[in-house]
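Pasting the structures in now, so scroll down.
Both complexes shown next keep chain A, but they swap its partner, so chain B is in the first and chain C is in the second.
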Partner chain A sequence: MLKTFSKGGVHPAANKLSADKAIEILPLPKTVTIPISQHIGAPAKLLVKKGDKVKVGQKIAESGGFVSANIHSSVSGTVSKIDKIFDASGYKKPCVIINVEGDEWEENIDKSKDLKKDISLSAEEILKKVSEAGIVGLGGATFPSHVKLSIPKGKKAEVLILNGVECEPYLTADHRLMLEKTDEILVGIKILMKALNVDKAFIGIENNKPDAINRFNKFVENYDGIQVVPLKMKYPQGGEKQLIKAVAKREVPSGALPIDVGAVVHNVGTAFAVYEAIQKNKPLFERVVTVTGKSVKNPLNLLVRVGTPTINLIEAAGGIPENTGKIVSGGPMMGKALVNTDVPITKGSSGVLLFEEKESKRQDVQNCIRCGKCVSVCPMGLEPYLLMNMVESKMWEELEKNNVLDCIECGSCMFTCPSQRPLLDYIRLGKSTVTKIKRSRKK
Partner chain B sequence: MTILVTIITLVSIGVIAAVILFLVAQKFKVFENPKIDEVEEALPGANCGGCGFPGCRGMAEALVNADDISTLFCTVGGNETMAEVAKILGKEVTAKDPMVAVVRCNGNFEKRKRTNQYDGSATCVMAANLYSGDTACEYGCLGLGDCVKACNFDAIKIDKTTGLPVVNQDNCVACGACVEACPRNIIELRKKGPKDRRVFVSCVNKDKGALAMKACKSACIGCGKCAKVCPFGAITIENNLAYIDFEKCKLCRKCVAVCPTGAIHEVNFPAKKAVAKPEKKKQTEEIKEEINKTSENKLN
Partner chain C sequence: MNKLITISQSPHVEGDFTVKKIMYSVLIALVPALAVSIYYFGFDAVRVILIAVAASVFFEYIIQKFLIKGKTTVTDGSAIITGVLLAFNVPSNLPIWMIILGALIAIGVGKMTFGGLGKNPFNPALVGRVFLLISFPVDMTTWPSNRFALAINPDAVTGATPLAILKEGVKNGEKVTDLLSQIPPYLDMFFGNVGGSLGEISAFALIIGLLYMLMKKVISWHIPLTMLGTIFVFSEILHFANPERFADPVFHLLTGGVMLGAIFMATDMVTSPMSKKGMIIFGVGIGVLTIIIRNFGAYPEGVSFAILIMNMFVPLINKYCKPKLFGEKV
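Up next is the complex of A and B:
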C-alpha cells in the first residue's frame, strides 16, 4: 500500500506531455531582465548601476535581510537599464536589464560536468555558501533556502524530506532533473543532511514517475541514510505539510512550521542547486523550465538562464498556437496568468503553460448547492464555502478564527466545485485582509 | 351570580397586574434624553455611516452627549441639518464647506490601453489583490465598480465609454463609502467649491514621468509646471505626483493651462471660449510688450 496524505486532495488529469523530453539548453537571449526580488521576503539591494560590465555568476544584488536572497547575473554583458518591469506576479518590480555580450563566467565557477562526491565543508560553511549562492526553494514558493537550513534555537531537525512529487499537472521539470542528474541530486541531499545534522532523508516521488523511482532506488545504495518513498498520486501532495504527513506521518499544527515537528522539506531542484553551489561554486542563475500545453507543437524541458523573456521559451517550443487563450507561469493549479510574453523567467518559474482558449475561459458562476465537495477535498481541513461566505460579509475576525491563514491556495476547492464558484479568489482576499489586520494589531 | 364573580375576578387580576407593571416600570425606568429623539428626527435618516457612527441614532446620541459638536458633521444633511440640530441642543456649529467625491483617474480606453484581460471575480478589491490590473498603469482605476456598489445614494456610475466612474454631484453626499471601497485610493473627498467649481489632479500615478507616460497618455508625470505657475502655493509634488490643496486653491486655473498631459481637470467652469478669448488677448499683448521691450533694448 502506497503512502499519501490523509485529508482531502483531488485528481486532476496529469497531462505530463513533456515527460520523455530530455532537458535542452536554451540559447542565450539578446537581453535579460533580472528582477531583484525573486523570492519571498525583503527585496535584494542593488549592487550595479547602468553601464557596468558584469560576468556570469557575478552578484548584482545583495540580500536585503535574513529572509532574502542574493541575486546573480545570469549572463555576461553590460547593464543597459534599471527599470520597473512586470514580472510573473503581475506587478511591476525593479529589474536589472543586461545586454548579453559573449558568455564569460566568473573564474571560480567549475564548468566541468564531473561528479564531485566528497563534501569537504563544515555545516556552517555550507550554510554560508548556500546563502551566498542565492538559493531559494525551486518548487515555486521561492522561500530562501538558508533560512530553512538555519534551525532556530531549541529545535532540532530529525528528518530531511526531499520533494520530488511534482503533483502539478503538465510540469515535468523536476521529473527530468531527477532522471538526468540523479547522482548530483543525491550528493546535494548529503550536503543538506550534513548542514542540518540529520542522518535520515526521504525522497518522496509520486508513482506516476516509475522511472524516477527505479533510478533513485538503484543509485541510493551508494549513499547512506537516504530512502525513496513512492507515493500514491494525489494533488496537492507537493505541498510541504501534505508531504510531511505522507512521508513521515507527522502533522504540522495550524500556524506552526515544519521544523516544529522536526522536519525540513526541500525540493529536488533545490538539492541540485545546492550541489552546484557547494561543489562547483556556481550560484543560482539558471533553472529547468517546462514549456507545455495541449496545442503546443513541441512541449519540452529547457535549461534557462534567469531573466530570459518567456517568449524565447515559447518560440523554442514551436511558437504560440493560434487558439491560445492564456499563458500561465507555473502549473495549471497554482500558476498565475502572465500579463505579457516579455515577463522574465525567475528562480521560481517551474513552467510555462499555454492554455487553449476554451480551456482558459472561466465558466459562469452558479449558486452554492451545499454539496460539501470543497470541504471534503480541502487538504488543510478548512471549509472553503464558509470562508467565502464570510469574506462576502466581511467577517474578518470570524475568518481568523476559522483558520483562513492555513489555506495553502492549492485550488482544490475551486477545481472540484460543481457550481464553478470562485472560492479561492475570495479566500485569497480574506487571507490578505486578515494578514493586514494582524499586522496592524502588532503595531 | 356567576357572571358577577367572573367580572370581579377579572377586574381584580387586571388591577393587580396594572399595579405590578406600574411599580416595575418605575423601578427599571431608563432615562433617555428626549432630545435624542428630537435630534434623530432632524437628521436625514439615511443611516449611511458617513458621520462615522453606525446610524443616525448613534449620531444623535453623540450629538446630545458631546459638549462641543463642531467636530461632528452630518454629510448628508449638510449645514442646514446641523444648524437645526444646534438649535434643538442650544449648541454652536460652524458652517462647513460642502464636500464631494472626486475620481482621480482619467485613463479612459483611449488614453490608457488595455494590455491584458481580467477574467477573475468582477470586483476591484479582488483584482487589486491578484495583480496590477488590465492596463500598464498599476495605480489607475480598475473599472469593476466597487465604488458603485458601495454608494447608497446612486451618486456614482461607471461610464461605459470611458470605463471610469463618474460622480453625480447632486446626489453625492460625501459620506466617503466609495473612498473606503476603492482599493486603489483613487476617490477623494474634496471641497465642492464656490458655484460647484473645482480644480484637481485627476491622476494618482506615482511612477517617474517616462514610465507613467508609457502606461497612460494622460498621467501626471510630475513635471512640476503646475507647481511653478501656481500663485498661491497650493500645488505640491510628491513621488512624481502633483496634488492641489483645495484649501489654498483659488481656482485661477493657471495649472490647467500648463499641464502637458491634461491630468489637471476643471469642473463646472463656464464654457472655455468665453474665458479663453480675453486670456489669449492678454497673452498676445504681453508677448507684444515683451517683444517691444527687447527691441527697445536693442535700440538702446
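Up next is the complex of A and C:
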C-alpha cells in the first residue's frame, strides 16, 4: 500500500501537459522588475538607487528582519527606476527596475555545471550562507529557508522531509528539476541534513511521477540516510502538515509548527537552490517555471530570471491563445489570478497558467444542500459550510472556536462543493478578521 | 493583449460534482423501483407518478416565481425527486386531488416555507405523505391488490399489507407465528409481489438503486446500513425474547417502507447529518424508532415518523458530532 495522508483530500484532474518537456533557458528580457518583497515576512531594505550599475547575483536589497530574505539582482545593467508595480498578489509593491546590459555575473559565482559533492562548510556556515543567498521556500509559500533551518531552543529536528509531491495540477517544474538535477538535489539534501544535524531524510514523491521515483531510487544509493517515499496521489499532499503525516505518520497539532513534532520540510526546488548557494556561491535569482494551459500552443518548463515579465514566458510558450480568460500565477488550486501580463516572476512563481474563457468564470452559486462533501474533503478536519455561515453572520468568536485559523486555504472544499459555494472566499475573510481580533487582544 | 481577463480567488478549478448531477443520479437510482411498480400496478402507477411529479414541479415553479419572486430552480431535479418519492409512498389508487394536495404540502410546506432546497429540516416527500396519512387514513392505507392477484382472484380488490395483517392480528390476540402464514412468502416480498405503496414493494429494485448511488458516491453507506442493521438486531432481540408476539427481522426488513426509507428517504442529504459519526447515530435512531412504533405504537408502519423525528435531531447531531480536527490528540 502506498502511503498518503488520512484525512480528506480531493483528486483534481492532473493535466500535467508539460511533464516531458526538458527545462529550457528563457532568453534575457530587456528589463527586469524585481520586487523587494518576494517572501513571507518583512520586506527587504533597498541597497541600490536609480542609476546604479549592478551585476548578476549582486545583493540589491537586504533582509529586513529575521523573517525576511535578501534580494539579489538577476541581471547585469543599470537601475532605471524604483517604483511601485503590481505583483502576483494583485497589489502594487516597491520594485527595482533594471535595464539589462550584457550578462555579467559576480566573480565569485561558479558558473560551471560540474557536480560538487563534498560539503566543506560547517552547519553554522551553511545556515549563514543560505540566509545570505536569499533562499525561500520555492514550492510557493516563500517562507525564508534559513528560518526553517534555525531550530528554536529546546526543540530538536529528527527528520528532514523533502517535498517532491507537486500535487497542484498542471505544474511540472519540480518534476523536471527532479529528473534533470537529481544529483544536485541530493547534495542539497545532504547539506540541509548537515545544517539540521539529522541523519534521516525522506523524499516524498507522488506515484504519478514514476520516472522521478525510479531515478531517485537509483541515485540515493550513493547518499547515506536518504530514502524515497512514493505516495498515493491526493491533493493537498504537498501541504506541509499533510506531507509530514503521509511520510512520517506524525500529526502537527493545531497551531503548532512541524518542528514541534521533530520534522522539517523543504521543497526539492529549495534543496537545489541550497546546493547552488553552498557549492557554487550562487544566490537565488532564477527558478524553473511551468507555462501551461489547455489551449497553450507549446506548454513548457523554463529557467527564468527573477523579475522577468510574465508575458515573456507566455510568448515562449507560443503566445496568448485567443480564448484566454484568466492568467494565474501558480497552480489552479492555490495560485493567484494576475491583473496583467507584466507582473514579474518572483522566487515563489512555480507556474503561469492560462485558462480558457469557459474555465475562467465561476458557476452560479446555489443553496447549500448540506451534502457534507466539504466536511469530508477538508484535510484539516474543519466544517467549511459552517465556517462560511459564521462569516456571513459575523460570528468571529465562534469562528475562532471552530479553528478557522487551521485552514490551509487548499481550496478542496470549494473545489468539491456541488453548489459552487464560495467557501474559501468567506473563510479567508474569517481568517483575516479573527487574526486581527487576536492581535488586538494581545496589545 | 487588450482584453479583459477574469480576476478571482483560488481555487480556479471546480470538481464535476454538481447539484444537478446528484439529483439526476438519484432519479436514475429510482428507475428500477419505478419499473417494478408499473409492472405490478400497471397504468395506475403511471398515473400516480405523473401527477405527483407534475404537481411538485408546478408548485415549486409557481411558488418560486410568484410568491418568493426569486430564481426558479426547478431544473435542478429536486422537485422531480420529491414528486417520485411522494408517489412511491402512496397507494396506487389514491384519488388525483389527494395526490395534488400531497404535492402542495410537500413542496409548499415541506420545502418552500423554509427557503427552498437545502434549508428544509424535514424530508419534503415525507411531510406530504404524513399529512395525507393523518388527513385521509383510510385512503392512505387501503392498498389495491396488484394486477396479477386481481387476475387470479377478481374479488380481492384490496390487499392488506403484511404489516397491517400483523398489527390487526396482534391486536386481536392472535399469534405472530400463525399470522405469518397469511402473508406472501418472503421471496415474493423481496421481488415486490405484495401489497403496499407504489415504490416500497420491491426490496430488490430498491437495493439496485442503492448500489447505483453508492457507486456514484451520491450517498455513503453509513445511514442505510446502520438503519437496516439496527432494525435487524433490534427486531431479532424482540423476536428471540418472544417469537409469538414479535415477527422475525427479515419480515421487518422486507415489509413496509423500510427499504425505501433507508435507501431514499433517510439518505436525503439536506435532512441528514453532515459527519459520518452523525450519520451513524441518525441511522441507528431511525432503526430503533421504527421498530418501537411498529411493535408498540398505534400505526402498523413507523418508518416515516421515525425519519421525521430523527430529522428534528439533525441540528443537534451536527452540533455534537464534529469531525476530528487534524492534529487533535485522540
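Keep in mind that, in the parts below, the second predicted complex is superposed on the first by the 443 of 443 C-alpha atoms of A that agree within 3 Å, B and C clash if a C-alpha of one lies under 4 Å from a C-alpha of the other, contacts with A are read in each partner's own complex, and residues count from 1 in each chain.
Basically, a residue touches a chain if its C-beta (ideal position, glycine included) is under 8 Å from a C-beta of that chain, and two chains touch if they have at least 3 such contacts.
Quick caveat: nothing in here was measured; it's all calculated off a predicted structure.
Novice: Following the superposition defined at the top, how do chain B and chain C come out on chain A, clash or fit?
Specialist: By the criteria stated at the top, chain C and chain B fit after superposition, with no clash.
Novice: Touching A:275, do we find chain B (first), chain C (second), both, or neither?
Specialist: Touch status of A:275: no partner.
Novice: Go through the superposed model and pick first if A:414 touches only chain B, second if only chain C, both, or neither.
Specialist: Second partner only.
Novice: Return first, second, both or neither, reflecting whether A:333 touches chain B, chain C, both chains, or no partner chain.
Specialist: second
Novice: Looking at A:425, would you say it contacts chain B, chain C, both, or neither? Reply first, second, both or neither.
Specialist: In the superposition, A:425 contacts both chain B and chain C.
Novice: Tell me the contact category for A:86 with respect to chain B and chain C: first, second, both or neither.
Specialist: first
Novice: Taking the C-alpha centre of chain A as the vertex, compute the angle to the C-alpha centres of chain B and chain C, in steps of 10 degrees.
Specialist: Here the answer is 70 degrees.
Novice: Figure out whether A:361 sits in contact with chain B (first) or chain C (second), or with both, or with neither.
Specialist: A:361: touches chain B and chain C.
Novice: Who contacts more of chain A, chain B or chain C?
Specialist: C
Novice: Is A:370 contacted by the first partner chain B, the second partner chain C, both or neither?
Specialist: In the superposed model, A:370 contacts chain C only, not chain B.
Novice: Between chain B and chain C, what is the shortest CA distance in the superposition, whole Å?
Specialist: 5
Novice: Taking the two structures together, which residues of chain A meet both chain B and chain C?
Specialist: Shared contact residues on chain A: 90, 326, 336-337, 339, 360-362, 425, 428.
Novice: In the complex of these two chains, what residues of chain A are touching chain B?
Specialist: 83-84, 86, 89-92, 326, 336-337, 339-340, 360-362, 422, 425-426, 428-429, 432
Novice: Under the touch definition given earlier, write down the residues of chain B that touch chain A in their complex.
Specialist: Interface residues on chain B, with respect to chain A: 115-116, 119-121, 125-126, 129-132, 136, 138, 207, 211.
Novice: For chain C, which residues count as touching chain A in their complex?
Specialist: These residues of chain C touch chain A: 1, 3, 5-15, 17-19, 21-22, 73, 76, 115-119, 269-276, 322-329.
Novice: Show which residues of chain A lie in contact with chain C when the two form their complex.
Specialist: 7, 10, 12-13, 90, 169, 241, 245, 251-254, 256, 320, 324-328, 330, 332-339, 341, 353, 355, 359-363, 366-373, 375-376, 378-383, 385, 403, 406, 409, 411, 414-420, 424-425, 428
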